[in-house]
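Going by the order they are written in, the chains are A, B, C and D; count residues from 1 in each one.
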Amino acid sequence: MEYSKQDLLDMYYHLVNGRIFTGKMSQAVNDGHIRISYHSAYGEEATSIAVVSALRKTDWIVQSHRVQPASIMRLDPYKFICELFGKRDGQHFGTGYDFHLSDMAGDGRLGVPMATLGSVVPMYVGFAWALKQQKKDEIAVVFQGDGALSEGVCYEAFNIGSLYKVPMILVINNNNWAMTTPLNRQCVNPDISDRAKPFNIPTQIVDGSDLLALRQAMDKAVVLARNNEMNVVEVKNLRWDAHYVRQNSSYRDDMDEIRDAMVNKDCVKIYENYLLKKNLIDQEYIDKLKKDCAAHIDELIQRAAACEYPRFEDVYRKECIYTMPETGGDL
Amino acid sequence: MEYSKQDLLDMYYHLVNGRIFTGKMSQAVNDGHIRISYHSAYGEEATSIAVVSALRKTDWIVQSHRVQPASIMRLDPYKFICELFGKRDGQHFGTGYDFHLSDMAGDGRLGVPMATLGSVVPMYVGFAWALKQQKKDEIAVVFQGDGALSEGVCYEAFNIGSLYKVPMILVINNNNWAMTTPLNRQCVNPDISDRAKPFNIPTQIVDGSDLLALRQAMDKAVVLARNNEMNVVEVKNLRWDAHYVRQNSSYRDDMDEIRDAMVNKDCVKIYENYLLKKNLIDQEYIDKLKKDCAAHIDELIQRAAACEYPRFEDVYRKECIYTMPETGGDL
Amino acid sequence: MAKMYLNRAIAAAVAEEMARDERVFLLGEDIINCGGGLSTYLGVPEKFPDRCLDMPIAEAGYTYFGVGAAVAGLRPIVDLMFSDFATICSDAISNGSAKVAFSTQGKCGCPIVFVMANGGRGTYGNFGSGCHHSQCVESWFQNVPGLKVVAPYYPADVKGLLKASIRDDDPVIFLFHEGSTGVSGIVPDEEYVIPLTNAANILQEGDDITIVAIQSMVPIAVKAVETLKKSGINAELIDPRVLIPLDEKKIIDSVRKTGKLVVVQEAPRRGSFGGEIVSTVVEKLNGQNISVKRLGSLNAPIGNGMVEYFLVPKEEDIVNAVKELCQK
Amino acid sequence: MAKMYLNRAIAAAVAEEMARDERVFLLGEDIINCGGGLSTYLGVPEKFPDRCLDMPIAEAGYTYFGVGAAVAGLRPIVDLMFSDFATICSDAISNGSAKVAFSTQGKCGCPIVFVMANGGRGTYGNFGSGCHHSQCVESWFQNVPGLKVVAPYYPADVKGLLKASIRDDDPVIFLFHEGSTGVSGIVPDEEYVIPLTNAANILQEGDDITIVAIQSMVPIAVKAVETLKKSGINAELIDPRVLIPLDEKKIIDSVRKTGKLVVVQEAPRRGSFGGEIVSTVVEKLNGQNISVKRLGSLNAPIGNGMVEYFLVPKEEDIVNAVKELCQK
């Protein structure tokens, strides 16, 4: 498939912005702005970018805890940062963090996520079926990690999704680690997407450092999903950071691999070199873009830091507990 | 593999006895002796016989609700019938039915089953691991149906079982129906054992009407399990009866297939013909055996029918609720 | 007014609501060929073939499927057969459906009904199927904010409250009693809905003592009340019908008047919803000297067969408890 | 006597019991590389490499794995990280482990401990992680006969009761408080076990009112008691430590003396274990005029971040509730 210049440059912008955002949020943890475990997407940003770029604005994504670069393509990044900081201007008054961040009513089309791993897989099989049932020409993409795929509900979802032919894509971000447990202690076969095959679900395996390959895989996946063929894209990544920022990572026995990946499998560098070779960008362009992105995010961080914390009345409104509060009993 | 004459005739005895038992229990439902849904193994008896015949007496089986012919190879059939009738002489004073029937302390080596489908699969992965950990040279065989295999815990069990290499065999009795739902409304791929393959678990598919083929498959499976290789045997059966005896089965759209199976795929007839051809039995032998089995079971039924119901003090003993009743609080 | 079996009342409620609102759909095991595992939806699949979904035996997965569909704007009715199986999908219920409104800060609701057969059959003459088919689980969800819990007994109540539950914009656990799918009762011919609020029914007025009976205990308490009359004790009998939101006012008003409360339920006594009722009442009536007693099943698993009868409160237990309190 | 962090107390209890009985083993997520998701078993895997099992993220499956191993004669400790995840494996806990003794009619037990971090972190200065990481779930299991439920607060209690739980032959839900893994306390040097029976601790004697505080509310109630002393109110403060079996006697004796009871807990007020305590007390003290009040979190899901603080009872809530009852 051929992509337009604009398309290629847009992806580059999001990739760079995602990388810088990732770094800035790690810094925000160190600065005490973020006070809940922050799961960095460092090194895995291309996965987020490829997925969202391949979608229409009317399609849905369901973020996991490690795809913030995807979320900020859909949400006002200021609202997102405030959410991470637990501040009142957050998308959900700072009560959602990124575990519970959605945009159901706005333009972001972020589905309601779940912090119990795996459960979004069957949940969005149902969601996607409902889209089809309502004759909406929309698809849903769910992100989950290699670890999450051990949950039995994923298998139930493959079964139900293939029976009911739903417009959904599961993107497995296989970064070789679940918290402190390496993949080889989670399962004997590292190709996790194989588990969808017994249900006749099409699967692809892609290298997470190659944005264009990812985008091509996603384009294929989207065509299938629009034809109500649920399918799986497994992205082979390597988690560069600890499970959460500032976690003691002395348990990592793959530091050599990480160092190598940072040099030879950096999705930003690889894509940058591709664009340079195609003469679509030059060093000046790169430098300016990076400077602009950094400055913009810094500004948002400053605003978010200055924002106040939510008040009781903001968040514990009766209609936030029960949609029909009159039948919910006393708080 | 070659089986001794004695072995072949033993299997024949159990097969015939299992068939007759199955018929007699259906009758016991009609006679009002059994007052809980009875799930008949009619037509599927060979599966039970092959499994138990392939095992040592020290190995464990975990019965499902449709393998009574296996259970009576391990348990005193009088105690089993009393259990079905809810009578005091039952293995568990008639409080277990076949849903909750075990023989943990006696020679039967029936593991504790669960009436929530699927859950025995991970449970006996743990049980089998514990056997290995305790250096017992024993294996565990779990029966579950095609329907039960839709539960996500089965997939979790495949994963954990292959990681921890446990001496366990899962026998999937795929009889094409789960209650009133045909297999093609449960999944798109009828070969359910395929689902174990992504975990590198060896699988076999066998015809449930062919006792010898079943036995051979089980023999292979047992060798693997004794080497701590968890594996799966999928038996292709067809449920001849309704889900439970006396269920209205007007939903069945495969009556032609059943009629054909009763003539051409009857596991008793097929095995009988094999033995006849090998001159191991003759018609007189057959007639006498069937008469004896029927008479014996009739006698047990009569005794069970005469047995009294359990008393409060039999079953609600404090140590049946909590093994250490002193820390269980009041009843 | 016609006599109707409880399972027909369920089917009628579902069919009426599906006709009224095309967002309503039904999913569960064995829906198409037998109207659900307990034949509570007979006739519905024929009427609405596109909105009746057979599911594989994967309660967690298909309950989540329902939650997702609700988030996407539909109104699923999830049949779970026996309430015992709610354990398998309690993540979808308690962490899923119950949290949607809050975690979207009111921007999205989760209109979903979880229908389950609650309790045992032993109470009604058949043999029960034991500890994985006959549990009373209403209290397992009593401490999960975001859920509503409905537990009626009579067919007319089941019909009207199920309709209200389907129309409710929040997740509702709808429990009908397993032993009573074959129980019949008078059901109005015309359409009606029983709101989930202020739902308690005073089945008998009386001044001497208040009896609150939950679900299967209602008909037994009705008999006990008759028996007590003969001893000159006039009990007020209340069927709360809905547990969350509890109609506290009617119960408290009654106990304020009588000063005595017996709560009777089929669930094991310890940790049951009865404790919530007792506690709510005494808290609100601080200063008044109130005598209370909870009756419930033994704190023990329930066995297969006729031993179910051993566990569950009987008419005489209610009569004795009332007499004991009235003597004080 | 040494100061010890709560997570070290857990590790010490587990290591001691594993040394004592080779049937004891530990399984859960991230056991090997970080001593469990909340680092509560640091050092244990190095000491007992053959008896520490990393599990894939499959709570239902590995909890059942534990149940099976217990049935086969071992004594598993199943770590579930956050108690919120108990929903995922509640079939294994409630329908599995709790039913083994009964369904084998006493021929087989199920000695297993389910260890979980209960409640929120917000109470202790950090930011909590919201409605899937910070729930207080002790009441979700209160109506499942066959289970025992242990919920201590202080490191010394956690250690002694965890050891008793591991030695117990029945399934035990062992809840430590999530917000307090970094809380330290004095722990005896010598070996000790705190039996699960009669486990309530009277932390302060007093005649005016009884306060029963559950888990994270204990230290807050301790402060409230001090504050109340200044107003001349002498409260008796009881930490039940074990909820099932509840040490009813100490609580009832206390309320018999004081005539007033405040129960305070972090769980949402409605449907919580506090209702069970209130109900048990008033039932046993029929005839005596007792004033009661339950304090608990709002009946609402708990949000991420500092909004956790908004929900949970605070010292002043306890003080006010006590004063209110004492004025009557």
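The criterion applied here is as follows: a contact is a pair of C-beta atoms (placed from the backbone, for glycine too) under 8 Å apart; a residue touches a chain by one contact, two chains touch by 3 or more.
Predicted model, so just to flag it, every value in this text is computed and none were measured.
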Maximum centroid distance from chain D, chain identifier (CA atoms): B
Pair exhibiting more inter-chain C-beta contacts, B-C or B-D: B-D
Separation of chain B from chain C, taking each centre as the mean of its C-alpha atoms, in whole Å: 36
Intercentroid distance (Cα basis), chain C paired with chain A, Å: 41
Separation of mean Cα positions, chain B and chain A [Å, integer]: 46
Multi-partner residues of chain D (at least 2 other chains): 56, 58, 60-61, 84-85, 87-88, 91, 95, 99, 102-103, 130-132, 145-146, 244, 270, 298-301, 303
Contacts with 2+ other chains: residues of chain A: 93, 95-96, 100, 114, 116, 150-153, 155-156, 159, 163, 185-187, 315, 320-321, 328-329
Residue ranges of chain A touching chain D (in the complex, touch as defined): 35-37, 86, 93-97, 99-100, 114-118, 147-148, 150-152, 178-181, 185-187, 251, 309-310, 312, 315-316, 320-321, 328-331
Residues on chain D engaged by chain C in the complex (per definition of touch): 60, 84-85, 87-88, 90-91, 93-95, 98-99, 102-103, 130-132, 137, 139-146, 244, 267-268, 270-276, 278-280, 282-283, 286-294, 298-301, 303, 325, 328
Chain A-touching residues of chain B, taken from the complex the two chains share: 150-156, 159, 162-163, 185-189, 191, 194-195, 197-200
Partner chain A, residues of chain D touching it in the complex: 29-30, 32-34, 37, 54, 56-61, 84-85, 87-88, 126-133, 270, 298-301, 303-307, 310-311
Residue numbers on chain A that touch chain C, as the complex places them: 92-93, 95-96, 100, 102, 104-105, 111-112, 114, 116, 119, 121-131, 133-134, 152-153, 155-157, 159-160, 163-164, 315, 317, 319-324, 326-329
